[in-house]
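In the two complexes below, subunit A is the common chain; its partner is subunit B in one and subunit C in the other.
Presenting the complex of A and B:
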């Protein structure tokens, strides 16, 4: 009976998971002659496409992806944790429902719409155009583009982080905080040394999930990166849309997939083995 | 002693101020862009000028309604999201139930494999699916899109349903069996009705994931079959006029309606969960 329930998923998902993986792996080993669409089927298989990616000029795209993703994640956690704490511990039922509705709504709203709205708000004619100058960043500089990408990524990860952390905080006994305060601990100390410390596995799990979203993003750098901030996803898309160099795009895809999966499951394993029963 | 309590009170006040300003910042950052998009959608100017606009009109809504390009995209997106969600919900729900009871070796590995599209960048999935489909000789846009979208919606459905099954005791199902119900009947009349909130939430998540997807669809659309987000993206890169703002408002209204509907049908708390110490 249990096996019978699994069959539909296996029959549908096995080809959809394995097919693209094998196709990418094979394509990435084909030689490429420029001017063609896709790899050369006649040529012998080669690792040249991977060797090409190892060149230093490609490192920039990988570094930008992981670095900008990390900055956005840090800000998302900084804003997301107090919000989740407020919803779980302080908000009245109506406020709580409204805030959760807002978070799920933001999560559901089309990413293109959200990034468009960010571009209109923080862009040259937007009401918050002065925001980047306030931080000492010239809006038209590469740093200005990076700021826009950070803001865009934050907008996509904030609701995700906050909703995940709500789950974490709901499993922490509020009595522990009350105990700390009744023993004379100040609010801030209780917040950091009891609440935040006990949430650490959840914060790390939320961070890992949000980071996976950040580094795989295509739309944000495409729409607000102004060409000076490009992620590996954008590079893969260019390989397909601009130069039709499928083998190189496939090699990039394989590398990015291995990095993402290793990073995600590696970090998650690290968190879960350090904190038993953590991050659920 | 009193010096200590004053410094403690000061620290508490400072902490409270920082805490509340971070929450305010969160809300401002989430809400202001939405308001800006709504206001701009009524802008009467033909160019994107300084905010706020002085005169208002419905011209961008007219231009959006007159554009069949968006309408075609919307129809494709709706069909695609419905078909992909239906397939993913049936397969994903059954798999979630099976995995929640299974004890065989490799169960965790199978679950991780089925959830893996969540971790792999969508661009990689889309590009891989494009090459795979072309090797199979599938060049029809809709077929390719459905293949890609089942792949990305399935994990959301399975994960959400699996989370809702945690609270449903296997003993209910076993009780039905011991009272003489056939396994399929026990599943259909006991487990599935109990899990319906989770299944509904999973289906909604799947539908939204499919409807919003860009990364996978960009590779799999063809000249005649393109999704709404792909259509918007193409228009955005061609000319950044305010038709997109009008379209954004339509999206915002649809999202608000969806949230209200979800709250009525399943309850937002049921989706977020109340946890052990939730109020």
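Presenting the complex of A and C:
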């Protein structure tokens, strides 16, 4: 009976997810003639589209995507965990409601608005242009563009991470922390060995959601990357929308998906095995 | 009065039945006089503003409902969207430019212009109109537009006299240029012309772009008009290569000098306008296009875009007095690129830009 509950979702989702994915895979194998729109349906299937993106220069775009996404995620976790901890453990009820409302509220604000607001505030002519200079980065340099992309991604991932961790921390009984301290554990040790350790599944979930958002993002690098910070999504977009090279765009999409899934399972395996090891 | 479960079920079923019947017969009951609806694709910024203004006038005498959608990125993007669903596209009228007209004519997506409805086409010079292999007229040209080098005079009082000057250290990080597929590669062609090449011999252009990128001169690569206008208006960048619309929007607020008469380079001229997709309500679409092509409307349209009207009797914006050329200047300063050829190399140029230029800009 329980398994039967899965069927309605499977029946709807399978064609919605698998159908387009198969179509994408098929498109990625079609030959492309420059100047035409889309792949050549009559031509023999080929791996040329994959060979083209195997050029070493394209590795940089994949690395940039994963690296910038990771930096944004790291900052979102570093800032989001203390924020969630404060909201759950320290904040008065009114402050808690206000902070949670604020975090949820930012998610309702259009990403375009948020990104332009960041560009106006931290850009070369913005009131907080000094922020990037403080970090030794010229605001109008390519590194300045990367900083804008990191800030833009964090703008969405920080509320996501904080809200996910609020739920996690709420489920950790504060008496466990009190028990650790009553047995002589210092506050920092209690935090790392009880609170943070018990939050790991939540941190992992929040991290996966936020990282998936970062590496698949198109809008943020497009609006503030100034053409020098391009994610793989941007390359895919240009192929589909500007040069109509659907096969190459499809090949990039498939490669990106395979790498992302591999990375996801790799990280999951790494964290789970270490965490379970620590638990023993 | 209490309602039994049986009563409740009866009421719900009756209501549902009536609602379903209403929905199913809705299409049949549509009055014959109902207005057509057109989905028109237009650029953002000044283009959509003036188009809505003209449409308000159009709707005073014509009940056709106009819905707008904006181009996302370059106008070529709409081609991919149409291809994905063709022939079931929801678009009817497209505002595009020469290279995109050519791509759509090649795909056989456009309706030949019905000159019995688009009567204003008769006074538009024939060389502006795009035609198919059979010689049928396929576009309603509304503007003569161009792509030019230029700069903000308030930020760069000395300016520059040649594209080669832009390699000097004082221009480091100051340039805003289009992604190569924006303006269909005209930026690369301009650099090629600078070094003695052209669109079919673009290697010298690529060399110059590489020099600009590796020296850190290119500060931003813009992908659409709004990005370019924002970049130039914010003062982040002071030199650029873009279309007249981007320059005009900047020039409305800041002093701009177009370098369209450089001794060692040329600017590009082309046409923008409307075309009608097959499967559209043809009469309504052609009436709409005809209204925009009427001399008074053509004048209003172009006054707001910084482009030249296509109707000879329409006045040009006085602010653009020296933006375009007198007939005797055309051969010296204007270049008419082979867009059919450029369209055929865009894929290679895009890949080459990603492989060779972006890494240099990144390091610069």
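The rule is short, and it goes like this: the second predicted complex is superposed on the first by the 241 of 280 C-alpha atoms of A that agree within 3 Å, B and C clash if a C-alpha of one lies under 4 Å from a C-alpha of the other, contacts with A are read in each partner's own complex, and residues count from 1 in each chain.
We take it that a contact is a pair of C-beta atoms (placed from the backbone, for glycine too) under 8 Å apart; a residue touches a chain by one contact, two chains touch by 3 or more.
Computed from a predicted model, the values in this text were never measured in an experiment.
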Clash or fit (per the criteria above) of subunit B with subunit C on subunit A: clash
Contacts of A:61 with subunit B and subunit C, given as first, second, both or neither: second
Contacts of A:246 with subunit B and subunit C, given as first, second, both or neither: both
Which of subunit B and subunit C A:200 touches, first, second, both or neither: neither
Contacts of A:48 with subunit B and subunit C, given as first, second, both or neither: neither
Contacts of A:101 with subunit B and subunit C, given as first, second, both or neither: first
First, second, both or neither for A:71, with subunit B first and subunit C second: neither
First, second, both or neither for A:137, with subunit B first and subunit C second: neither
Touching partner for A:267 - first (subunit B), second (subunit C), both, neither: neither
Per-residue contact with subunit A, leading partner among subunit C and subunit B: B
Subunit B versus subunit C as contact partner of A:227, first or second or both or neither: second
Superposition clash, subunit B versus subunit C, among 38-46, 110-118 or 236-244: 236-244
Residues of subunit A at both interfaces, subunit B in one complex, subunit C in the other: 38, 125, 222-223, 237, 240-241, 246
Subunit C - residues contacting subunit A, complex: 72-74, 76-77, 79-81, 83-84, 103, 106-107, 173, 179, 181-182, 219-223, 227, 234-237, 343-348, 350-351, 354-356, 358-359, 361-364
Interfacial residue positions of subunit A with respect to subunit B in the complex: 1-3, 5-6, 8-9, 12-13, 16-17, 19-24, 27, 38, 78-80, 82-83, 85-86, 88, 93, 97, 100-102, 104-106, 108-114, 116-118, 120-121, 125-128, 151, 154-155, 158-159, 162-163, 166-167, 169-174, 186-188, 191, 212, 215-216, 218-219, 222-223, 232-233, 236-237, 240-241, 246, 249-250, 253, 256-257, 260-261, 264-265
Residues on subunit A engaged by subunit C in the complex (per definition of touch): 32, 34-35, 37-38, 52, 55, 57-58, 60-61, 123-125, 138, 140-142, 222-223, 226-230, 235, 237-246, 248
Parts of subunit B lying in touch with subunit A, wherever the complex brings them together: 8, 11-12, 14-16, 19, 22-23, 25-26, 29-34, 36-37, 40, 48-52, 87, 90-92, 94-95, 97-99, 101-102, 112-114, 116-125, 127-132, 135-136, 147, 150-151, 154, 158, 183, 187, 208, 211-212, 214-215, 218-219, 229, 232-233, 236, 244-245, 247-248, 251-252, 255-256, 258-260, 262-263, 268-269, 271-279
